[in-house]
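The following block contains the structure, expressed as structure tokens.
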Amino acid sequence: MLIVMKPDATSTEIDRVLEVIETLGFRGHTMPGENRTAIGITGNRGSVDPAHFENLAGVADAIRVTKPYKLISKELRPEKSIIKVGNATIGGPELAIIAGPCAVETVDQVFAAAEAVAKSGAKFFRGGAFKPRTSPYAFQGKGEDGLKILADVRDQFGLNIVTEAMDEHGIDLVEKYGDCIQIGARNMQNFSLLKYAGKTRKPVLLKRGLSATLDEFMLAAEYIMAEGNYDVILCERGIRTFADHARNTMDLSIVPALHRYTHLPVIVDPSHGTGHNYMVTPLARAGVAVGADGLIIEIHPCPEEALCDGAQALTPVQYAALVSQVNEIYKTVENYEPALAIL
Amino acid sequence: MLIVMKPDATSTEIDRVLEVIETLGFRGHTMPGENRTAIGITGNRGSVDPAHFENLAGVADAIRVTKPYKLISKELRPEKSIIKVGNATIGGPELAIIAGPCAVETVDQVFAAAEAVAKSGAKFFRGGAFKPRTSPYAFQGKGEDGLKILADVRDQFGLNIVTEAMDEHGIDLVEKYGDCIQIGARNMQNFSLLKYAGKTRKPVLLKRGLSATLDEFMLAAEYIMAEGNYDVILCERGIRTFADHARNTMDLSIVPALHRYTHLPVIVDPSHGTGHNYMVTPLARAGVAVGADGLIIEIHPCPEEALCDGAQALTPVQYAALVSQVNEIYKTVENYEPALAIL
Amino acid sequence: MLIVMKPDATSTEIDRVLEVIETLGFRGHTMPGENRTAIGITGNRGSVDPAHFENLAGVADAIRVTKPYKLISKELRPEKSIIKVGNATIGGPELAIIAGPCAVETVDQVFAAAEAVAKSGAKFFRGGAFKPRTSPYAFQGKGEDGLKILADVRDQFGLNIVTEAMDEHGIDLVEKYGDCIQIGARNMQNFSLLKYAGKTRKPVLLKRGLSATLDEFMLAAEYIMAEGNYDVILCERGIRTFADHARNTMDLSIVPALHRYTHLPVIVDPSHGTGHNYMVTPLARAGVAVGADGLIIEIHPCPEEALCDGAQALTPVQYAALVSQVNEIYKTVENYEPALAIL
Amino acid sequence: MLIVMKPDATSTEIDRVLEVIETLGFRGHTMPGENRTAIGITGNRGSVDPAHFENLAGVADAIRVTKPYKLISKELRPEKSIIKVGNATIGGPELAIIAGPCAVETVDQVFAAAEAVAKSGAKFFRGGAFKPRTSPYAFQGKGEDGLKILADVRDQFGLNIVTEAMDEHGIDLVEKYGDCIQIGARNMQNFSLLKYAGKTRKPVLLKRGLSATLDEFMLAAEYIMAEGNYDVILCERGIRTFADHARNTMDLSIVPALHRYTHLPVIVDPSHGTGHNYMVTPLARAGVAVGADGLIIEIHPCPEEALCDGAQALTPVQYAALVSQVNEIYKTVENYEPALAIL
């Protein structure tokens, strides 16, 4: 924390700031400048709320310096985390592809999708049994019955199951039937749910909230890790902006930013990130090109009949073409990454 | 739903769209234009997902026409709802003021704040026992012990208690100790929590999410109402934008918009909406001037010592000045409202 | 500028940073902390670009401390500026109301509007002769002929003319026929135009850009002032956000922020700020309640026939009701302002 | 345009809407639905302003159906435009790379950069002689002297010069010395400048405004084309959002959107789009992977000494590595594009 005093701050005002710093148990360092005095704060373990200083007389600004996260930080763990999900990994040398329908609808639909996913060489299957829908009158998912169908997919195709939970009961069920608990964008700051997920033994796929900053996203993961579950996979899925040509605005620059500050793997969701079939493949390519460790893709054997989000689902043929392309791009990126590290 | 075909769409493509409309159980109405054909859809009770049509050959655009909400709608209930909260009301002829500290810290702090609130003539007291904090290492609230202190405030000062719940257990406790369940901005689309709140008998104060559109906000309320609890108060508390001079950007134009489309009362939170002490009073005045039915204000006997959000808390003296001002403005607005209705 | 070093930064890296600081002609102040070293920079007159440091080895962050504006700053001129516009003032004790049609269309339309404006007691008339339109095929304004009609309004009604210029030629013409040069939101960072306006002798009404931060807005005004024209009026007119219930999102919190940091008067435009007739009066009330020095309002004798922006224009009857309301609210705010200053 | 009436709209209200439609010279088509009536409008050549209808009694909503652009539209010209810039092309089979320093500073700096650009096989050189700077006190560019240095680069290295103009005088000079006129993000809706650029014979590189929607971006290009200059290259350079880890948020989904709706080539600027050296290469890869026709990249022989935007400039070594990577990715994308067209 750095406190910047106003040009006309009196020495009494400066002393009062130093006093408050000491009251809070920290140390203050006065730095007189040409026009104004600044006061550095040291000795704080966590972050200090600028609130304590902002309204004191003579204070112009209170600026946060130290970042508030710990376990997620690369400073704590410089090497990249590889997360085991069922019998495969995310964050390792291979590009992780998670694919499947938005919602589990019928056995036929799910198995047709699973066949396409298995054939593509992907190791993870997605499909929602609990659906967070904007309207209470929209299809809300098949619940436990849906999870059972997903468990059958694992048995039959050897695919690892990634599926969303929206509450504690849902987490219990996903822990039972699935391999990875997905926490959706709308729940990214559902702190009770994050804590509960932190107590499970299954890895957690955490989606970025629609208006989450880098810090908020990292701190949401920190909530899970602080409870003892270090197996977190971060997922960029588009943010809320004024741009109206896509359902959300994919913010791919967060991928290199996360790789710079955290050791966790990062994947990208171009299906929810764009909301339009014709954008999914280009943005999937871009996600891999920017350095993501994996993708999560919605496919549907017959998109126009989907009960949910059909507009963004790829057909199996489109999906197969996507996988070839991203695998090629992944090789290009992988070859160059070490060379760049020298710079 | 209106489907706009491309200029060069063939009649086979148009027929395929009509077929899909019928498959979904609706009726299609073809409207040939000079350059292109449009197809209207009728017969749908809820909303139709544009997804079903967007990828069909020959379709240029699928435009939603009917709004997806029902119970909250003014078309269903034209007169304004007055919500009973404890022994007082929100949405009635009187401006509702809810005030108190951000977090319940100590008995002394809470009682000092309650005295200021009671003295001002306000009928509602706020104070958080469960605090949704961005960082897992920040103060998380005093839990049930905090709620007991709030219950004591009601007994001693006759103030009605508005306090936040973050999960089902929290809702049970607030139902027991408080008068109104607050659901925070970060949980506005925690649909499991909304449904659970919809089953209680206490009114719910629902805060707008940081990136919620008008429709999403109204549909979040609809989730609560669809479970049988019609006592919902809507609260604008600032949205997430690029503007960096305030913690959030207060979007006061949503107040007249909500009054146009829904019968529920709307209040405004200038404390979280701005995050800066010096902005709270001006924005509180603006909130009342724009037509809000009430305000929720953070006060603290000693803001610079607050464990949480001290930068935005008003001192009791500042708060008293605020109350005088907004009461005067409320009278001005009230006097003119009927005249405007004639226009 | 404050440079925060990484926890593992070496002393060689720290020395390199100090060297770069000296190369730039400034002084560096090393502040060793418990976990990391910070380096303060003093001796800079203007702002230092963080760019110079961000990529140096061992640097974690470069944080701007000093604000880059001068002439607009309250530190330079603590008392509020009162700007003379024609025979009246903006920023003085009276609420300034600027009203008139979006575009000058016909003599009849303009004179009918001017009559309503004069009758209301307002002293300023607006009306566009040059219209910045999103589409090249939309009505672009009547040009010099329109300005002549506005000059006639001044002669006949004694109203002072505020009208937009979009280029140097337009500024020359507005200087000739009008009393105040409006620079629109889309030109807020048209730096060539700002410089040209800075060389005129007429006051400038500068609208905030759709995505302008507080700093950018103030620096745009600084561009005009740096050329010698200190008569600038700032205008909040809504920003671009995800919210879709209004054409723009009015960011009223910028009014107290501007009053805190600058001595210039600030007005609010609820017509462009909302884009909907039914929102204009509530937001005009809010703008005055938040502390604006004036309003700019669009009216039209017959809004549904307007060639431009009819949806937001008030009828003369609606406008008259608005003026009564805001004058009452202005009195309330004025009475309390001094009291607040004591706090 | 589609007018949706309220459920309780009377037949008199419907007739009034039809009357207004006819007054405007269009035709109205009444479509009675189960709950409400809709009225389609045909016969309009350009776009109809919803404003004309929104405030009429009984109207619930006015929805735009036809897009307002013409010359830029793929419906007008289905095949992709290839733009000639000097002795090379943008939008053709080859990936176009434009590289060079942010600002022209010295002959040595520019020539060192040009050597790296020529060596990489790129055919276009960038460098600013007129710099739009947020602060009036920041370095504003070398003007005509800078343009002469750029002209020398063309003579010596055979590179085609892309450089920004900020006003009419600047356009005249760039037309004289350069090969392509760049119009910056802040001038994207400087309509006078767009019209002036539309009258030149040099191609125009138009950057997307910080808060421009797809439609606004396309209409800005339409302004240039409407004056007779069809050689426009569109450039995505990041938008203004709440996200604070990058200077702007690159919105790569606009690339496939532009390719869907317009025939113009689209390039991507990852330097301004991110503002951070470490993000430029990943986002350049992503830009090519998403389908851009080219890149514009800032390089500097010695970034830490740059007078402007040094934080985002690549060193020549970093730039060379970038070029190899994007060329490989471009081949992958190119190979698959036709296959996708079948879907």
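As written, the chains take the letters A, B, C and D, and residue 1 is the first residue of each chain.
By definition in this document, a residue touches a chain if its C-beta (ideal position, glycine included) is under 8 Å from a C-beta of that chain, and two chains touch if they have at least 3 such contacts.
For clarity, every value in this text was computed on a predicted model and none was experimentally measured.
Among the remaining chains, those touching chain B and also chain C are A, D.
At the far end from chain D, in terms of centres built from Cα atoms, lies B.
Centroids built from CA atoms put chain B at 26 Å from chain A. The geometric centre of chain B is 38 Å away from that of chain D, both derived from CA atoms. Annotation for chain D: residues touching 2 or more other chains are 211, 239-242. In the complex of the two chains, the chain A residues touching chain C come out as 2, 4, 6-7, 29, 31, 33-35, 38, 40, 42-43, 61, 63, 65-66, 75, 240-242.
Across the complex, chain C is touched by residues 20, 23, 46-47, 49-56, 68-70, 132-138, 166-168, 170, 186-187, 189-193, 195, 209-211, 215-216, 219, 222-223, 226, 239-240, 276-277, 303-306, 308-312 of chain D.
Contact residues on chain C toward chain B in their complex (touch as defined above): 211, 213-214, 239, 241-246, 249-257, 260, 273-274, 278-279, 281-283, 285-291, 315, 317-318, 321, 324-325, 328-329, 332-333, 336, 339-340, 343.
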